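One chain, chain A, links the two complexes that follow: it is found with chain B in the first and with chain C in the second.
== the complex of A and B ==
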């Protein structure tokens, strides 16, 4: 495998170096006063949208979607559609009010809206849970990538990537600097777009052969199995459409927008950029039907994107393309995992570890990274790495789907009702978060430890969103109605602020 | 032999209960006497007195009623108004009154609100309201207890008044800070602008407009908070004006992470630091002065550093300035520090690194989110 490993290794090194270089020097060059307006200009929506996409497009998108489509056919298109459409819900119902609330994280929003430390703590707990659930498939995907690119055993990937992410986060080298994350998006798009174009040309040159064994079921957009299949498809749609707004690393990026209007524009651009990106995994999947039949037989569909260039193009060209997709895949889990790890450690620092370790560094170095944050980062990364080593491999995209289901069953009701309904109380929010969290979270844990049911039970555990989201909403509403006297006094004023467009700047 | 969990005699336990009830009522009362705070405090006060009904009023209306017989609610306000009117606001007289059944007309036979005790709430030498306890019969004990509760409530309200005046003092200081910018700076700026009027009229015009925008921001009346972007924009104008005066002697370097520009900060919390840096770093020495302003993104908080390479300062003097010693030159420093602490908590005070001859670096940390802090 040593010859095969070279392009992959070079690509991984190149991505790491480029990322660190942009992070270190990108926006660090100093400016004089005459450039002040440039220096003090906010991040514009296009750059911020690229950054959001860079952080959002994980290994599940880069590797998982093509693999799922290859095996499952058109019904799996709901993954990329859902991951994009989630931003439509975010755009219409959440983006601008959330920005106007001034909240930086989801727990911040809960505290500002409900004025309750208890609900805040519950949200922090859930952020950590969702973050871990989302980190898990990133590390598993990393194992797959390194196995395919360098030929390392599968347990090496999570360990190596976990350590790289940890070093990144702790050294501050890959903080959520907008520029770095934006670069990651364009890198991932290029890494998918260029090989796809080349492979399409090769396919046309081969006389456009049809795929083997692509039966009718491959092109049906609903899972087979009658009512159960239909349930699974709808449940997945609910999870993905409503889960996006509850992802911790996505929400913090919206803070960078100067106002609610910019938040909306950013979301619009995100929709376009994601649409552009998700055009390409299906191309890989379709070509995979033609050239990559062995991968399905070997049960190794997740590496389709990495293997296809070699299968279709011989010699140096194939190696170059392999290097490019490997770089993209590495960027995919590096950026998402770092973003998530930072979000999770941030919450852990604020609400857990700073109670045990002093939050501030030694006197005189307030800019340095505090010991509490280091401890939190170790916790944030090591837990999912350990689980990735020992848990059964649920499949990269499916596992991410579960993280979405938990987010959709907890933060979605909190945000929707918090933004659009005056009557939400702290007790109601807490009960709803508990109901949704225990429901969807319990199902996710069952999946991770490998419990599988058959028939309806299996479907309800594998795709919990269709029942857990309504349960969470209903609990939140009913308990709020029952405890109406606990509604915070400032609710009306707060909602007015959330929904009032920022006025034209009057008088500086 | 004393066992753990043994709480003493019955009398001791009664004391503990009373103290506990008082401590429950205290946070609400510390917000001052309003319908809202009265509403939250009154049930604890009634538990303290053990009467069937209790009312809190201001000098004319009932603010809160707890217990049975709430159909008497309106009467309580009227009683307060009636009793305050003749006595006026002179609290020196023995003011506690009992209320006869004739003054509490009631159609409900079983209503326990037959008689009452009214005791005044006195804050700062003025009667601002009453505590009214109602019971089937009035005892000397009830009168005494009501008086004591009224005095304790008055004490809490006094403290509330103190809190309020401390906040007012802080606001006045911000106002002073706005005004404080003017004299030196205005003379110097206008002087510098005047020097350009003949040689470079366009530049003079631009500087005048900058000056106008700068003063408009600094003297703005509304809003306790602003965004870091607005604060930096104002600092830019300030520096342009100072550069017109000092020319190449003032070298400014900026390094701002765009992610932190939307962060909400107290109004005028960075600008005084920049002004200090220019004044101390430059005015006293004849050589070129370097000024560096840096804003970092640090996850859930942002860090702003203002650094100069001027004469520096004795750390002890800085410590006294931060402690609020107004006799020193750096008035802005103590004010900014106090306002940051008041807004974000004691973890977020200023950090000053300095020594004589070694320049000065002032570091501000601001959390990206704090409950109740918003720019509008």
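== the complex of A and C ==
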């Protein structure tokens, strides 16, 4: 461990110190709450897209995808494809209208559209649920990374990442500095691209040996097992394609665009940047088939990206590459976990802790809500850290997939119907959120606590989206139709605002 | 005696060319039947565009699992020495998604320009 640990340790320290330093430095730029909003509205699409990708590309993308591909083969390509295609769905259905709505969070949108505090609270509850479900694999992944990179016990990673994120969020640092997250994207891309190139060269130098292992199913892009496998693949696609628009930390970023038009352009750049990133995990998986057979046997495929450089390159070169991928993985945990923790704490502050912790200091400054926000941040981070320490490891990408399933079964119908259908009522929204949330959320909880069914029952629990999304849509529409008289009076005016091009905006 | 009145109006009131467009965007905002027609048509066009993209994705990416489920032998086809599914879903899919998105943005912005022209009328000062 001693010799191997040095580059990983340096990389983790460097990324941690840089993140904290820039976070503290960024504090100067976010003196008031409105500073944050005004400054971010002028973010140009390219920078904003890098920031979105920096926050979005989590441990699941950086570590999980390559491991899944190594073990599962081409059927797992749907993860990166779905995570990217989700932005195309977001682009055509919600990007510009969501920006024009002026809502900063999903609960804000729900309240503005439906004029109901109850729906707002339900959305807040779901944001916290989805956020925690998404934070959990980040912390578990951090444990894996530190174990692999420096031989630390598995509980060290969640504690370190949790503390760094907490310090960061409480200082308010990450809040204002879009370019830190943008930087994280380019760091992650470099940390994957450079080692992939070097390893490809090594592979060619070795005489391009062919891989062995998983066998024929490795090149089939649909899960095996007959109809159940087909169901699982389609269910996963539905969750990923529709879930992206409901992720709390993604929605927040769309408000930083100057207008609806820029929101669309940002999404286009995001599509390009994600495509550029996701070209590389398959390279690791393919090389892992040649050089990393042991990892599959040990059931440790999640650390493929971290271990492969050392397996393929000896000496200093291998150590340098290991340091680089470790830095990228750590950046992935920090940026995604910080973004999620901020989104969750923001919602907790607005709807929970500000009721218990009195306001202090002059209104409208961070000081006035600071105690409530700090308490919310502690809650937002400590719950998933504790679960990560004690829950069974579901697998990084699998767990993120469940968060997408919940988002697709709740916020996706709410956003789509809220933006495109005048007839949505508060009762309908509430019923749909409950149906989708209980359905997909219940399945997710069963997975996290380790309940596993067999056959169809198991498949329906493991991949709930294919039934929970239609159930949520149907409930929302039917209950809305049954309670048509409750449709908010301002619905038409609100839709006008969502769909009117900015060139026509007249005053109020 | 009735003559000075019209003159007075012309002298004191600044010319307001913008009344035309304001009235029409006002129509949209104030939920008159005309505004309703405007909004309905824009909503319908934008939604049609969105659905067209979704159907395209459904018929390309969406059918792939079914095709490979029905004809698993297809997976053995190789492109550039790699299995076809890996080439398609590992690389080609990303430029494809970007292209679809780019064409969508072009169409949707054209729709919005047309809508703006329609609502603002054909007054030259707008262009």
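The rule we apply is simple: the second predicted complex is superposed on the first by the 468 of 508 C-alpha atoms of A that agree within 3 Å, B and C clash if a C-alpha of one lies under 4 Å from a C-alpha of the other, contacts with A are read in each partner's own complex, and residues count from 1 in each chain.
In the analysis below, contacts are C-beta pairs under 8 Å (C-beta built on N, C-alpha and C of every residue); 3 or more make two chains touch, one makes a residue touch a chain.
Keep in mind that this is a model prediction, so the values were computed, not measured.
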For A:112, select first, second, both or neither according to whether it touches chain B, chain C, the two together, or no partner. first
Contact-wise, after the overlay, does A:499 reach chain B, chain C, both or neither (first, second, both, neither)? second
When the two structures are overlaid on chain A, which partner does A:267 contact: first (chain B), second (chain C), both, or neither? second
Which partner chains sit in contact with A:103 here, chain B, chain C, both or neither? Use first/second/both/neither. first
Based on the superposed arrangement, let me know which partner A:89 touches: chain B (first), chain C (second), both, or neither? second
After the superposition on A, what does A:78 contact: first (chain B), second (chain C), both or neither? second
Contacts on chain A seen with chain B and repeated with chain C across the two complexes: none
Residues of chain A touching chain C in their complex? 74, 77-78, 81, 84-85, 87-89, 91-93, 96, 216, 218-222, 229-230, 233-234, 237, 241, 261, 264-265, 267-268, 271-272, 274-276, 278-279, 282, 286, 420, 492-493, 495-496, 499-501, 503-504, 506
Of chain A, residues touching chain B in the complex: 27-28, 30-33, 35-37, 39-43, 102-105, 108, 111-112, 115, 175-178, 255-259, 342, 346, 349-350, 359-360, 364, 366-367, 373, 489, 497, 502, 507-508
Chain A partner, complex, touching residues on chain B are 36, 213, 216-217, 220, 227, 229-230, 232-234, 236, 239-240, 243, 251-259, 261-262, 264, 296-300, 303, 305, 347, 351, 353, 363, 365, 368-369, 371, 373-376
Inside the complex, what are the residues of chain C that reach chain A? 22, 25, 28-29, 31, 35-36, 39, 42-43, 46-47, 49-50, 53-54, 57, 61-62, 64-66, 68-69, 72, 75-76, 83-86, 88-91, 93-95, 97-98, 100-102, 104-105, 108-109, 112-113, 115-116, 119-120
